[in-house]
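The two complexes that follow have chain A in common; it is paired with chain B in the first and with chain C in the second.
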Partner chain A sequence: MGVGKSCLLLQFTDKRFQPVHDLTIGVEFGARMITIDGKQIKLQIWDTAGQESFRSITRSYYRGAAGALLVYDITRRDTFNHLTTWLEDARQHSSSNMVIMLIGNKSDLEARREVKKEEGEAFAREHGLIFMETSAKTAANVEEAFINTAKEIYEKIQEGVFDINNEANGIKIGPQHSPASGGAGGSRPRQQADSGGCC
Partner chain B sequence: MNYFKSFVKGNEEAQPTGTETVARLCDRISSSTLLEDRRDSVRALKSLSKKFRLEVGSQALPHILQLLRSDASDEDICSYSLETLINLTTVEDDEEGDTIIQSEFAMSFIEKFIDTVENIMLVLEMIERYDFTVRWSAIRLLTSLLRGKPSVVQQTILVQPMGISRIMDLLSENREVIRNEALLALIELTRGNANIQKIVAFENGFEAIFAVINEEGFCDGGVVVEDCLMLLLHLLKNNSSNQQFFKEGTLIQRLSPFFDISPESSWSAQKNANIHLMLKVIRTLVSPSNPSNFLQSCQLAMQQCNLLAKLSDLLMATGVPTDVLTEIINTVSEVLRGSTENQHVFANVMAPWEPPRSALVVLLMSMVNSQQPFFLRCAVLYCFQCFLHKNATGQSQIIDTLLPSSLEPHDVSSGQLLCGGLFAQSDTLSNWLAATALSHALHSNEPAKCQLLRVQLATAPGNTPVTLLRQLTSIIQQTTHLQTRIGLLNLLCCWLSNCPIAISHFLDDESTVPFLLSQLAVSGNDRDLLVNGVCALLLGICILDNDGSITHYSKESLIELVDARVGVENFCDTLGCVSQHDLYAKALQKHQPTSDTPRNLLFDYSFAKLFKALEDKITKTVSNLEDIKKEEEVKAAMKAHDSIITEYKTLIREQDSKVAKLQSKCAKLEKDVQETESLLKDRDSQVQQLKDQYNLMKLTQGDDSSSTMKQIQDLLAENNKKSEELASNAKRIKELENEVEKYVAIANEHSPMQDKIKDDCMENGVSEENESFDLKHYKELEDENKKLTKEVEECQESVRRLTESEVLNTAKIQEQILICDAIRKEQEDLLILLSDQETKLKDYKQKLANLGEEVSDDETDSIGEDEVVDDENSPSDQ
Partner chain C sequence: MQRRGWLGGPKPPKNPHSLEHLRYLHHVLTKNHTITENNKSLIVEALRSMSEILIWGDQNDSSVFEFYLEKNMFLFFLNILQQNSGNYVCVQLLQTLNILFENLQHETSLYYLLSNNHVNDVICHKFDFSDEEVMAYYISFLKTLSLRLNEHTIHFFYNEHTDDFALYTEGIKFFNHSETMVRIAVRTLTLNVYKVNDHAMLRFIQDKTAAPYFSNLVWFIAEHVRQVDACVRANVNHQQSDRLRDIVAEHLDHLHYLNDIVTLENNMLNKVLIDHLLHRLFFPLYVRSLADGAPGDDNEKPLVNSVTALFLLSQVFLIIHHETLVHQLAEVIFTKNLESLFITSPIEHKELLQQPESLEKLLSSRKLRKKTKNKKRPNFRNLGSDEEIEIKSSPEPDAEALPVGVSSEFFQRQLSIAASQTASSGSSLEASLGSISPESHLDRPFLDTIYSALNCTENDYTAIFALCLLYAMLQNKGISCELKRIVQLGMGEEEKRNESYCHWLIERLLRIISKAVKPDSKIRLATLRLTVILLKKLGMKNGECVLPEHHLTCVEQSRNESMQNLQKCLQEEEMFLDIFEDEYRTFMNKPFNVEYLMMDSSLLLPPTVTPLTGIEFTKRLPCGPTEQIRRSIGVFLALRDVSLTFCKEVETQLPLTREQDCIQTDDKLDLNNSDLIACTVVGKDSKNRRFLVVDLYQLILVEPDNKRLGWGVVKFSGFLQDVEVSSDPDDSRTLHVTIHKPSGTRRVPMLAANFVFDDHIRCMAAKQRLTKGRMRARHLKTRRIAVLLGVSPDAHDDPFSSSYLLNSGYQAPRSQFRAFAEPQVLRTDAQRPGVALNQRDLSRTPTARVHPLLKRPGHAASRVSPVKSGGRIGNLGLPLLSSPSRASSSCSSSSDEKPTSSDGDVIEVSAEVPDESRESTPKPEIVVESNPEVTSVEVVTSSEDSRSDDNEEVNAKMVPDDVAVEVTQNETETETSRSASINEIARE
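Then we have the complex of A and B:
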């Protein structure tokens, strides 16, 4: 039983929930078009395996990611406890500008909750992350989780934190759709769905 | 073996020198303090490493590894060491001697080398060195290690942090030699390892590849482009995640410029190779085995970025080498397969001919042309098959070209070409190809199957036209060519399956069943038996989908015939001949019709599918004649049963419709009732309102009239009072007048006296006193008189005023009386209205009762009561 990264991605890209999901082997790719600030943006999302045995592979996906979703399961405290190591891993292998969103998933299972929302908020505050509780099953906050992360990246682009001409940070300017728009026509930030351990 | 002998022999003589030399060099490497010495030694080792592979390999490895660590700063030592290792791990084709033995040495050395993970890491570190020779040697060494033991080296690099990234970085090397070597290394690194393929894609591998292809000049680029495409193919093949990424990254559009090939351009072997690989890349994306959603969006993207148009242009261009053309046709096929939009686009592609002809017709011309290469003709069949896949419109259009129409006589239609192919005398492959192509026009399309029955052929001038079906059966019976026979039989199988009308047409021809039965008994080699198998299938189809319209060839009679002539078991065995045959198994594997030789082209994918679907059914049906009979009985019973059921069904249906009608009626009535109720309520409230109004009016009217009365009375009283006053005043006036008259009389009496007095006075003053007294008295009287007159005037005035007010009052009273009348009239109107309403109400109630809605007595009562209460209240209110 994972924390639900693949289910979050499936909900975001296909708008459906798959109660029984195969274990992710290595990584899987997903993409979706969104609109921010009137601009079409294609999110390229890599869904990584949470299993410890894939850690060396999934590590390769930090470099060149503009954002990451760090996911734990609110019904299992151990997944929350693992956050620190995952966060260290992410910080160590990624660019310092990477936007990290902390996600407490499975908010539909309120009866089995082991991690309070306040704890998640506190962890996020302490480490400078954005925080949100989601449910891949009911789709609650799933859109927001991805889109808010993208918005944060977008703002960083606007502020000039990300150099959009350097593809190494995972952002690419797409073909300009309207010549009048100017600026970033369609940037494609890459995001990585990452996990707070699932053993 | 010669070399081995000489090698061994040579070793015997040179052994001291060879082994000794290597040993001495190794010794110098490990012991010498001079860098120069170590450098020279390793250079010497390098030059010996090819000739004395075994010696160097067995002794030198630890020393070389030691050198690479301790003298890492010396570029020459590093590159010599790496070159030595390369020599030990690779065997070149042109190497003298037994390459098998050499390869075994190399393999065992590789195994020894990669046994220690640190060694691979050392190579990776060397790759990061900027020095040309070091980096160049290191990347080549890595490639040869990967070639030797791919999985182990791949796994080691995969788990190294940044392991793949370091190699990826080399793709942007400005020293082309290194970049090209990196491409080779990546080809090996990504071979069969999905995880590495994904990381390479994530590290912008696709972009890097396209950058190199672009730089090298697309398809005209050299072997480097070929390497790029090979890597691209490795990244995409069997990797749905990467394919998805490729599509989402809008990279399909980037493939398009690759096919901007000018018609006059030359076709080098390299260019052919490049285009072949690029077509493979495209076919990987639109492979029929891909998930349909993904496949369709790829097909659409290829059409939208003009890739399909460019490929179609190449199809029609001249000078394209046949092998490339064949592969382009295959690629176009898969871009079309099942995509309505692309099929539509392709249907409108015209060949630049005079007059212009549709590309499809031009392709079919090649297919039925025996001069064309075999694989090209197969590719055209595949294209035709894909064009018609899930394309009912296209299928009908093809069939239509076979029917008599307004077609220009000189115009060549696809139907004509197919017929030409079907009946071509000396070209059995054409027969087979055309038959198979025609079967694709019928596939899963019942109307097309029926339409084809109408096709008539003019066999020879003067002969009566014969139907296509009959012509086919007669050719099947006459021909001696296996391929033709099987091709036409395949077509018939496709035509007749699921089409009872076609079956009855087929069975109507007296010669067909005897021929099929006799064919089942013919013996021969395994290829001949295939004909029997297909005949058995055709007969089976006639049994399965038989609607019994040809009475002597009904389902049962056919089975009985089969049993009597060949035996059911024999029949099933004959059928089994096909499914056991290699050619059948091969056909089932791939959508694309292929065969090593033309004569082995006997089955295609869709026929094999049909066979697979029907074999079991036919076997079961045929072997259970009893069951079938029983089944028939049951069916008959069922039919009887069915008819009862049908009756009941119709009854139920009728009842259903009745129920539905009644329900709708009921709903309508309920609605009516509701409406009526609400109307009633409205009316009630209206009545109530009117009543209230009435009461109110009564009240105000009462008030009005009483107050007016009172006013009138008051006025009258006042009037009376005033009249009385007037009378008293008049009386008084009269009194006063009388008095005045009295006084006047007195005065008149007095006046002579007065005059006398005056005179007297004049005479004597005595009378003056008297006189003055009189004057005074007179004055007083006069004053009083004046006063009275004034009073009278006042009285008169007041009388006048009173009279006026009386007149006014009378007018007012008149007015009031008028108002009163008006109100009374209004009241009467309202009463009439009320009674109207009541009758209406009664009507509605009656209606409701008639409609079946219960109108409770309460309702009537309560309404009645209300009225009573109102009536009671009204007077009390008054």
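Then we have the complex of A and C:
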């Protein structure tokens, strides 16, 4: 059983799937338009699921993405314990600019909670990540998690940290016919949903 | 309006998760057989709902899936596709399929969905791949399917009779797509396919697709390599290093991918892949390029720079450990020369530069041919070899097809080489056989390139890669020991030629080290550390040093030289302590990782000095005198490390302060008789009442312990050496205190606060104590470095000699709470070659020798004894406990305390006596207070300075019932310090 990455992803990219308790459903890829600062931005989100055994694949994913969501399951401590390894891997293989958000998923299962919110916060503080607890089941914070990551990426683009002409960063300038107030057009940060240990 | 009436029929049921809902969807799709602009959204919504209801059914109600099959609803999907209904609908269709194939849990549901070849029809459908969204959903669809492949499901995708495997053949067409994520998905797909253990399918892959796919793959890797090289040539000034970084990372991705394939141990596939890799990439491009400038091949120009080749080969050997592959590669590098290489792998350059036909073409031509030939001769093997011939013979000298930059001159050269090669093929065969037992090094131009790179004639630009390559080869599990022995120091009897090589290698390494020690050396720290790693690898066998005496002497000489270099700086550079500790921290915390080092593309550019390039310090040369010192420290630490390893000694003098000796937050301290100053610590958004304690090395803020009178709980501790303190010009009771994190380059304050005292006097006392404490802590530590560097403590001009310290008001250290200095192991000085005994003594003599407290868990003598009698008062007369209620609570709550010393335990408390008082200090007075409940032993040194500095006293409190106290004094143990140790025997 996973930590719920693909469910988060589906919940974010296709809101028409109403979360219900007798249905577990997810997807490995999704795209969605959002608006930040009056600019249309298309997010492409790729799930790394099932590729853990191939080093070449996880490695390349990190490099191709502008942001990553590092997800653990608050009802399973082992997924939290694996975070360090995942983070180290991500940091080693990505550019230092990659925005990483830490997500404690399944916050609806309060009764089975094994990882305290404070622990997640402390881990995030220690490693300079943004932190949020979400629930793909109730859709709590799902929107915020992805949009905040995108905002962070957007800010970095504004600051000139990302070279937007280099597509290897996972960012691409969209066509010019953006409905947003003239100029830059929509950029397309690519994100990657990453697992805090699936087994 | 019209729509609603037209739709008519059943309305969508209230519950979207029910069989009725699927019935309703069936109705909608039947009614809307033709897709128009008007019903588009309806169709999309129906497709979306379909995935939802089917997954719900799979998880909750089997009748749902039965209905789906009964009505053969997959046909709706195909119908929609055939109508070319536009990307909007296609995207939803693909996403619906993605959701279905990802979430179905029941195998039977999955099998039903896969049967009838419908999925293969979707795979083969010509979507509009120019729409990047369609592309992304399509490739995710293929990837999702590949994740469901296993021995059972493979037959739904691979059709043995028609020899079709659309999932794979359609997928690999995108292997070089411009989008990174698409390329990654294709790689994932291929790996998932190769993983399935199905003979017929793998045979198909090998015979029909391996050659085209791998030849394309290899060609694109070669293209990348040429781009890397071009980038290096164009980038001498370190501009556009981003581009270089990206293509180097891309090359690494390729190597990891190749490694993932070969480690699947799929023999059929590996044979083809390894053949392509060796003969079309590694031999003709990587290895050949090594021989750049080697004698005897003037008219031969390799395709890439030899530096680039060294770099690429080290990456190969670091990443790929597959025996067949790396062994052959290593063998060629070690034993062959250009001529014999050509015989092993007769591939022309122009052939290499020729791009293979595109996969799409190759794969479709296969299909055509299959149609014509298959009936007559259904022998897959023959077909496969046909293709291989086709690829090899296809490159005609067609100038237009060649990449730009290949001149006709190049061709001529190639042709002449080819001619000469054929002419001399007879003799070169002999030569190649002879090269296995060569008389001179000239027969091994590739190995010679590696060795001559170690010379570091101008700088270490190429040396670092040569070292890496040698390291990677020695480390590689796939290379046999016999082969490694060519470069390794043999354990047993070695033939002379081999031994000369390894002697040669070790001597080269030692030469690099001795060059690195020189003040103006052009050797970067990274190179030195790599050299040291390699030297350790060659010099240590089964935990024993196998280096001959004269080599060991060289190591020691270099170490001494690096110590002497630093001795000067120690006196001149004010920041020395900080730089030293910082460098030590980086040395320890960042273990040198060769694989990470080789990921850094900036190494490919000539070594630079300026930090403006953003290149890490260890990977460039020092800029300015401070960095020069930092570098010298780095050299010293590396050499000290290798010297200790060869002598099999354990580091005992570093770090200067060990973490476990420091007082941590939440520690409980016995502060009876300590100097405490009450103050209010006003931070950014906090305001706390605290007591300030100045220890030997640390500034500590405590809060009274409400369980034990006279004790305090540590709320903050920071190093005095990092304290900055200044008075507030407007408020005489306030000090600005900043303590920086000891984390190196970035000075991050771990505490920046105002300390507000009760009055001006206390404020001034605190300031004085902090300032003095800082100075003392820094002196103490600097003196330890001096000892480490072999500076004589008695030397007259030594600023840290005892007289200097006395005059500067320096107070010798006394540990207040715990023994701070590390337990010094008396070292029997091993007789080491080339080192004068007195030098060794100096460098290894511990400054402060203090017996460690005999600790049990939670049981430092000063931290455990419960105090039940009235509160003791600090030296400044400040009561530790202000509220009587707290005091009383402390008396009653001894139950949660950790167990105190139990019967028969021996607790040894040591106190260091300052060395400057060696001659003048009278014997310490031992005051034993007898108290019904507390036995307090105080060692008071009555030196001339008895105004009770805060560390003047060492308290050791006993649990009640301790009666006998034995005091011994140990005068003989060290020359620099005297220890008074108190052995206390607890008895009933």
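Please note the rule applied: the second predicted complex is superposed on the first by the 174 of 199 C-alpha atoms of A that agree within 3 Å, B and C clash if a C-alpha of one lies under 4 Å from a C-alpha of the other, contacts with A are read in each partner's own complex, and residues count from 1 in each chain.
By our rule, a contact is a pair of C-beta atoms (placed from the backbone, for glycine too) under 8 Å apart; a residue touches a chain by one contact, two chains touch by 3 or more.
Keep in mind that what you see is a predicted model, and the values were worked out from it rather than measured.
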Touching partner for A:24 - first (chain B), second (chain C), both, neither: second
Most chain A residues touched (candidates chain B, chain C): C
Partner chain(s) touched by A:10 [first = chain B, second = chain C, both, neither]: second
Contacts of A:56 with chain B and chain C, given as first, second, both or neither: both
Chain B versus chain C as contact partner of A:163, first or second or both or neither: second
Contacts on chain A seen with chain B and repeated with chain C across the two complexes: 25-31, 44, 46, 56-57, 59-61, 63-64, 167-168
In the complex, chain B residues that touch chain A: 158-162, 164-165, 194-195, 198-199, 201-204, 207, 241-242, 244-245, 248-250
Touching residues on chain A, where the partner in the complex is chain C: 6, 10, 14, 16-18, 20, 22-31, 44, 46, 49-51, 54-57, 59-61, 63-64, 92, 163, 166-168, 170, 190
Complex interface listing, chain A residues touching chain B: 25-31, 42, 44, 46, 56-57, 59-61, 63-64, 93, 167-168, 174
Complex interface listing, chain C residues touching chain A: 16-17, 45, 48, 51-52, 55-56, 59-60, 95, 98-99, 102-103, 133, 136-137, 140, 143-144, 147, 178, 180-181, 183-184, 187-188, 191, 242-243, 246, 249, 252-253, 256-257, 259-260, 596
